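These notes are about the structure you will find just below.
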Amino acid sequence: MDVNYLIKQLLNGLAAGSIYALVAVGYNMVYGILELINFAHGDIYMFGTFIALALLERHLPAPVAIPLACLAGGLTGMLVERVAYRPVRNAPRVVPMLSAVGAALVLRNLAQLIWGTETMPFPQLFPTRMIQVGEVQFNSLQVIILALALSLTGLFALIVRRTKLGKATRCVAQDIPAARLMGIEVNRIIQFVYFAGGFFGVAGGVLFAMYYAVWIGMGFLGTMKAWIACIIGGIGSLQGAFVGGLILGVTEALISGFVSSAYRDAICYGLVMLVLVFRPMGIFGRQVAEKV
Amino acid sequence: MMGRTTLWQFSRRFGLYVLGAALLLALPKMMPNEYVFRVVIAVIIDIPLALAQNLITGFTGMLTLGQAAFYGIGAYTSALLVLRAGLPWPVAFLAAGLVACLFGILLGFPCLRVGSDYLTLMTIGFGEIFHIVALNWMDLTRGPMGIPGVPPPQIGPIVFDTSFRMYYLYLAITLVCYLSMHRLTKSHVGRALIAIREDETAAATMGINVAYYKVLAFAFGTLWAGFSGSMLAHFLAFVGPMTFTLNESLFHMQMAILGGLGSLPGSVLGAAILVSLPQVFQPLYRYRMLLNGALMVMLMAWRPQGIMGTSAAARATRLDLRWVRDLVRGKKAKGAEAPQCLEAEGLPGRESE
Amino acid sequence: MELLRAEGISKDFGGVRALHRVDVTVQEGQILGSIGPNGSGNTTFFNVLTGIYRPTAGKFYFRGTDITGWPPHKVAQAGVARTFQNIRLFGNMSALENVLVGQHTKLKATLVGALARTRGQREDERRARERAEELLAFVGLLDKKDEFAANLAYGEQRRLELARALAASPVLLLLDEPTAGMNPGEAAQVMDLIYKIRGLGVTVVLIEHNMQVMMGTAEWIVALDAGTKIAEGTPKEIQYNPKVIQAYLGEEG
């Protein structure tokens, strides 16, 4: 077996995995809090990424455009929460889920109507160089992506763990009525969570776009990847989402490189289904027993 | 509900059935043109899909978003058996349902082990697997090119190559579907499924073998999705992978929701509306998915039980549209509010929820 | 005649030991009471018996057969029915339908029969409905038979759960706090029902925190505390048992 090829695949996997990790972390915040599959997550950051592209095309400098786009993503997330989720927060599970699906469809088709169905390239914001370590070649973009993913996740984890806001968020994650009784403004916290999810999601989306491209389907793709990453890593666990994303990226790259690239996604789905059957709580997740 | 119906009630209901039957039988004569006729047939093909979705999601409470895969399995099976194996259509049709059902059972088992959200993900995953396989298995499915030239249904010497004939054939099939669903849901099986939806643990302690019934729901639902697939293949004379995507599964879901989860007539209505509406409002076709999505959001917020579901959504068989009257009169629909324990209004310093 | 024998039943949840080597014997036709402060393991005992959880150790013998680890539906089919501490009715079904579901194990129905609507099937359904109405009348809910269970008053819901549990014609009936939240009048009605039920030949095991109900209904009482059985005896004996008093009232005694 060609070791270089293996390493190259691994690096590709890590790069893709970092992106997935970032998207998954953004996603995990939402899911962890409301135990809801946020169907619309990917489409929110897809929207934000398109906005980023539009801003860059209007020659806004990147350090301005990107944060603005992230902001837009965060605001979109808040809007979706307000319109599609909050009205049905207490309804049986099926209802918010379907509302999410509806919101995702609206975002996706709005984007389609505005920007069309073509796949568009995203400007490279970092100069990329090929780096040679021994026999192995990789490009600096992959390194940057990994570094950025790590640091943003770390920043986010810091916010959640060390700040008062973060503590309040974790309370809401545990028990909404109790949190409310403690004086925590639940709605504001939830809005913050959706904002953060959208904000970091767009960051991930921009990285994704630099590495691959931009198209309206990238959102849903991201939702599925985030979902899978969270399952592998364990729902409700930030480090799980991160690790899960990396594992997914590497697994995909290895399958693509050594087994089949056409059936790559099918095989991945099959593996995830197996994971769900044999270890549904993921790596870092805990099994919660239902009180009868 | 069996009861002591009076002669008047009986003859009224009987009269309604006769009228309905007459209408259905005479419908082809009322078709203004071939295009409308084909839309009607499309509705008929989609009705079992909506009913199947309703059975699995509405009655049993399992949110499956992978029905398109079984629709596709049915379509490909039927088309391939007729075109490549030279089998007669009735055999291909039956095989389509049975093969889809088999895969449904196979999917059903692992789904038993996972919680409700993960179940949805598994069904989506299965749907995607099917889609990818259909796109890439060139030898079997011809990938993105699809399988053209699928012949119309044929029973013995009778070829159903006109809309007229196909209408009656598919209508008969769909009626069998509806009847079987009706009987199933009205029986102890239906009660068991609803009990599982309401409270799985309590249902088990009543002696209901939850695993058996969940797989049964999957099996029955995917069986009919497969039959629908066969109908589609021989209607369009073509089978291609792009028809059987997650969007299609979502569409099935929407039909069931719009009509009302837990209501069989509702599913028929939902199918009729969602299939024919885009055809009616042609200029809005571009915005179709957008409107679909918006409709879902609004429906969930405003009336999650759909058109015909009752607010404690049991099996509605009567047309209960009193809510329309209430709406017109300006009364808020019952059961749409979230339960509140305490209402505290006007307290200082706190954001009112 | 021994109906149920629990030998050395233990149940651990992660680090928490909910039950520890509990031995209980229930005689046929008895009304046996199980008491203990909250968290003492009473409901867990029911849950382990009915197959909702697997015991970590120990065995259950029902009518001589080892039913340890049987799944809930099999335990129900063997003749064990129960109610729940926090009412678990099928809210979106009518009272009548709830009781019909309770009869699930009794129906001779098959899938084919349901689809074909054979005469046998229709007869079965008709008889089942009649029986359901009888049961509703027995607990005093016949006039509410078409109401959605979720819309019934609290006391009515408890009685409906009782009717639903009886629908299976159980040999052993497990009642988990059947009078919780009731005023003395309603509680007395339930006590009455329990006697009538036993009169029909059903053995009853009862978890109750209401001491009046417990002492007035049970013939034999088992006391649990923190997962272990601390005492066993007639109501009189239990009332004056120092260990029981200590468990409920603390160290002073």
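Chains: A, B and C, in written order; residue numbering restarts at 1 for each.
Convention: a residue touches a chain if its C-beta (ideal position, glycine included) is under 8 Å from a C-beta of that chain, and two chains touch if they have at least 3 such contacts.
On a predicted model such as this, the values are computed, not experimentally measured, just so you know.
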Central chain (distance from its CA mean to the mean of all protein CA atoms): B
Chain whose mean Cα position lies farthest from chain C: A
Chain A and chain C: spacing of chain centres that average the CA atoms, whole Å: 47
Centre distance in Å when chain B and chain C are each reduced to the mean of their C-alpha atoms: 39
Centroid spacing, where centroids are CA-atom means, of chain A and chain B in whole angstrom: 32
Residue list for chain A, restricted to those that touch at least two other chains: 292
Residues of chain C engaged with two or more neighbouring chains: 52, 84
Sequence positions of chain B contacting 2 or more other chains: 201
Chain C to chain B touching residues, read off their complex: 50-52, 71-73, 75-77, 81-82, 84, 88-94, 97, 100-102, 104-105, 107, 109, 111, 113-117, 121-122, 125-126, 129, 148, 150-151, 164, 168
Chain A - residues contacting chain B, complex: 35, 37, 83-84, 87-91, 93-99, 101-110, 112-113, 177, 180, 183, 185-188, 220, 224, 227, 231, 262-263, 265-266, 269-270, 272-273, 276-277, 280, 290, 292
Chain B - residues contacting chain C, complex: 2, 180, 183-184, 187-189, 191-192, 194-195, 198-199, 201-210, 216, 262, 312-314
Complex interface listing, chain B residues touching chain A: 57, 61, 63, 110, 113-118, 120-122, 124-126, 128-129, 132-133, 136, 201, 246, 250, 253, 257, 261, 286-287, 289-290, 292-301, 304, 338-339, 341, 350-351, 353
